[in-house]
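Naming follows writing order (A, B, C, D and E), and every chain is counted from residue 1.
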């Protein structure tokens, strides 16, 4: 589905054009065309392939989808894959933007993603002095926007982990916490798959030799790279803490088991002592003098009570109760 | 066993030939010969070694089998080993294709693998404009086909892991799940052995200096490399989740033990209280006034019931029952 | 908030100047200006950006804060981010200093940090022969001061870990220790985030090609790098010991559970034996000769005592009691 | 102890010579001498050092033994240390071959190893066209032989691991399995120490710049390198599976404990119910009508049986029995 | 404290000199001075700094102590820090030697270390042909001596680990073993900190570009490097085995708990059966024919015995007793 298709000249919006006009504008030296597709059909991709003369392997990747984030050069065309990640109920939905960047065109194909990039286009059009850099700047703006959207997800996981920690240390270890930790781990793997390869790939866009279309944009792409580095570090840190939290949970479960056992034992002892004494006086020996004493019964009850009170206090003191 | 042996000219099928004719075609400049063997005997390998003048160490490797995936150059002959992995009941069967690629020949030796590569030959013959690249393109088509067959295996493991996860969190931890997780781990090791070294080896086929026969095929081999990168990443991710799932399983088992202990304790208490009280009134003291009361017995039963009902509710409330 | 703003000539303090005078001094060849801001407002940053002609991306980073430690070159201006870490009750407070270093200016922006750097300025002014190196030396002095402040934090964690170790091995495993170990782990992650990236970044300031402003300061920055290496190593070591301590704790908990179970069992046996014997003599058979023996009762009590004493000793010997 | 000492010319055996004649042959251009020592004494090493003019540090290493596998160049002499590993009862015996290779001599010193290398000499002498390569080929043949002897050891460990796995999943977790897994881990460490450094060191013998004596042997040493890579990979894989097997064992032990607890609880309940009911009718209340009923006793027994049968079935159904 | 201060010429001892004479000898072309200090005071260091014109940062490091092992070049002066590790009761004492090496001087400062290096000086003076290499050879001799002293420490830890292993597998898991494993781990961390950075640093002393004073000593420093590599490998191996031993210990503890539970259960059953039967015949039903049978009592006792004997055998067979 075509979202929009606009021609720019010297950083300023020229006109909304139809795909069939692309051809004209692409060949004008100071112009570039920015086309945005969404969940593109095979026919649309084929049309674009022809208009922009895209490499068949890149188009094939865009058609298949589910690519790893990457930056590939096909001649002077750059093919960039970025994963979009959006919260979807309790899960994360992984979408993808495939960006084809040539000297005077940008084609972005958004797939399986709810949230669009009209704000990116708006921001670019508000800054004509930067948009003058051409298609490289548009690429930067797109990547920057996707990367900025990762931060709240990471912050959310951090907050979730903190809540689980508190609950683990406060209320005793429970099943729900293990499940939640596992859920965080799964989301981290998803995020890592989006961030890790992009971090590596984006290092090709600044520093030494960079693709033609990114020339002069080094500081901007280094900034994106730096943000990705921060994300990557946060992911690794949360990952490590999740692993630690899991073993802490195990330790606490084991100790809880221990405490339960002790508590049971204490109560069992409180019941077993009177039971044993009662058993003794339930014996049918003919010659048991206590049975005939006037106060044999209440004294026996008293002894039971005294022993149990003593034990109860003792168990309290050593922390079993 | 010879599967087939065909000569090609300018990307078009010339003729099915016999091994003895290979010699003639290999020396014609615009021709190349594509020979496919299956579970080759020593004699067949020796014949091919002579026809194509293969290096003895490479032939030795092909004869022995069970090689690590690799890409080796012997002069202008490329020797490529790829592992085929096929589901075999509950296990994975590891086979191997050894491909010898020279400027005008391709010799593929398939070993211990059920599924052949006739579809690859068919696909190549349908695209003469690509087959014109010669033996390098055939190598690409073979590697690409094997790599594509890894994907459903990984997807299968991912689905299996998801099922186990659900069962772990739903039905409580059971033995079968541990066994299944171990099985996944084993399969991942097998897949990693096929994918990891191939990823590394295939990086020699694009980028800087590449072997003669792969010249001009860089984008194709980079595509294969990229697929292998994705596979590798998925394997690592599943591997990590299996490890996490194992420790989650352990945590849940420990907690389940804890819950069992508590439940037992609760029921034990419900039985121990009446037993103790009954013991008291089973004592044989002569002077126990309650024994002579009209309603001593039903009142005692009532007291037992009241205590047990109270305890039962309390255990319910604190989650022990 | 402006902390101070001073002009230096040939390593000697010239005068405290106002931000509006910066312009004059920066252009004098042998002068440099050192401005210190604290929790700078957007307006202050904008003013400084104009005075020193700072790159917008760097200023943006300083405005946002919460950056990873890094060293970035923007033309001949160096932008350095360092994290300050201060104890804050039981937690660590992470602040940040952003330093902009040009050939003849240093602008440091301290954020979310209690402790200032007046002592650094004082030390620099006491050593005019070093301050003559110019802005590079000021950068060194600032980084060195922050890094030196990391050491007591690490020492504190080491001491804390030692205490926990002692308590684990002495008094038996307890919940509080697990919580404390988790706390140490969290602080290590915080410190690692401050030290790790700074170690990597600071390697750019000595050795091969270094930024203009650091020329001739190689040995000083190598010294800082070396200190960071030591910190990094200590962090990794404590981290490893925390992990080991956690598994030791788990092992000890499991063993403690085992010991508890044994102890319970021993006491249960001491009670169950007399209970069983008493049960026997509580049977109502008409023909039970022992019941009629003169000393049946005391003998039975004696037998109970003898068995229990024997068992008690036995349990003692095998370590169950 | 001198094993043998032979001079070769153009790949053919010339004569068995005495150590004192070495000098003569080493200086003839197309000759080389191959000396094999076993558990050499200091005197023998000193004699050889003089004959071949070996570097004192290399000789010192050979005298000390217990070196890490390595490849070192001393001028145009190559000093190679390889570890031999032989099964020795239930353990592995680690021996060592130190090989000194010069342009026209090979001196191999076998230490603490049962199995010799006469078969290697025989194989070399059967292939004069390869032996013509000179001392480099002898080095290859020796290293190849040692490396080939690692394979059955690894295969053995793999088989052992499989047996343990089966026993773990079949018969329930037992102590012997943990001990066996630990044993495998120890052997893997031993093998890793032999293979890992040799893999790294042998990479110096092919590829870019190689020592003089290995010139023209690149494909052979690459083959050895490849075998070492396979061994290394197998070791890592088994290592990983041993770790997983250990945690699987722990999980299964915990679950087994859980099952035991449940089973005990079920049987305890089956005994506790009749005990409690019997306790009730053991009370001595005067007014207990049931006691006087004609069928009070059998009915009570019947009720006990009914309850127990019901419970037994229920426990069966929920898997506690 | 000055240990000694000697001037050498052409590898031969010239004279013991006073610090004030150093100046004269250092400037004679074929001479070098070797000064050894122990726990040097600030004044001594300042004097030496002046005599040898040492870099203030290096002197500062030596004054502070507690450095990471390292090799630093300050102009043509080499500053080397090595950690000495000595057993100190049950702990390890970490000391340090700081060596300043210039073209014609060596200054070694030993700190917090019991054992001196007079034997190193003696060895050097016994080998004038090597000592002729000058200060570089002295550096080698010092480093070599320290590294050689690490080996017995590692061997000791290996032996200790073996003892713990045996005790774990023989006598059942105990607390002391966990504590001992933790102790080994701590010592390994200490040793790793001494060996790891030195390994890395010493790689600068052979191979490609080496500092001036080490010229021509490449093979000697490679030998040291090799020894450090072996130490490093051993440390990693022991470390891995300690981790494995800890998880083995946990597995065995869990199984032991299981065994304890089973044993308890078996004994509990042996007591509970007679208790229950006795309870039955303790009921007060009027119509219980067994009570009146002549042999009711002994038959009941017999039945109890038979059941218990049967159960005992059964428990024996299934390994619960």
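Criterion: a residue touches a chain if its C-beta (ideal position, glycine included) is under 8 Å from a C-beta of that chain, and two chains touch if they have at least 3 such contacts.
Only a predicted model underlies this, so the values are computations on that prediction, with no experimental measurement involved.
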For subunit A and subunit E, the contact-path distance works out to 2
I want to confirm something about subunit C and subunit E. Since they are copies of the same sequence, is their interface symmetric in residue numbering (over half shared, so same) or not (under half, so different)? different
Roughly how far is subunit B from subunit D, going centre to centre by Cα mean, in whole Å? 25
Roughly how many whole angstrom separate the Cα centroids of subunit A and subunit D? 40
Could you tell me which residues belong to subunit D and also touch two or more other chains? 247, 250, 254, 257, 261, 268, 272, 275, 279, 282-284, 288
What topology does the chain contact graph adopt: line, ring, star, complete, or other? ring
Output ring sequence (origin subunit A, second subunit C) reads A, C, E, D, B
In their shared complex, at which residues does subunit A touch subunit B? 55, 57, 61, 67-68, 70, 72, 74, 173-175, 178-179, 181-182, 185-186, 189, 192-193, 197, 243, 246-247, 249-250, 253-254, 256-257, 260-261, 263-264, 267-268, 271-272, 274-275, 278-279, 281-284, 288, 290-297, 300-301
Touching residues on subunit A, where the partner in the complex is subunit C: 165, 169, 219-220, 222-223, 226, 229-230, 233, 237, 240-241, 244-245, 247-248, 250-252, 254-255, 257-258, 261-262, 265, 268-269, 272-273, 275-276, 279-280, 282-288
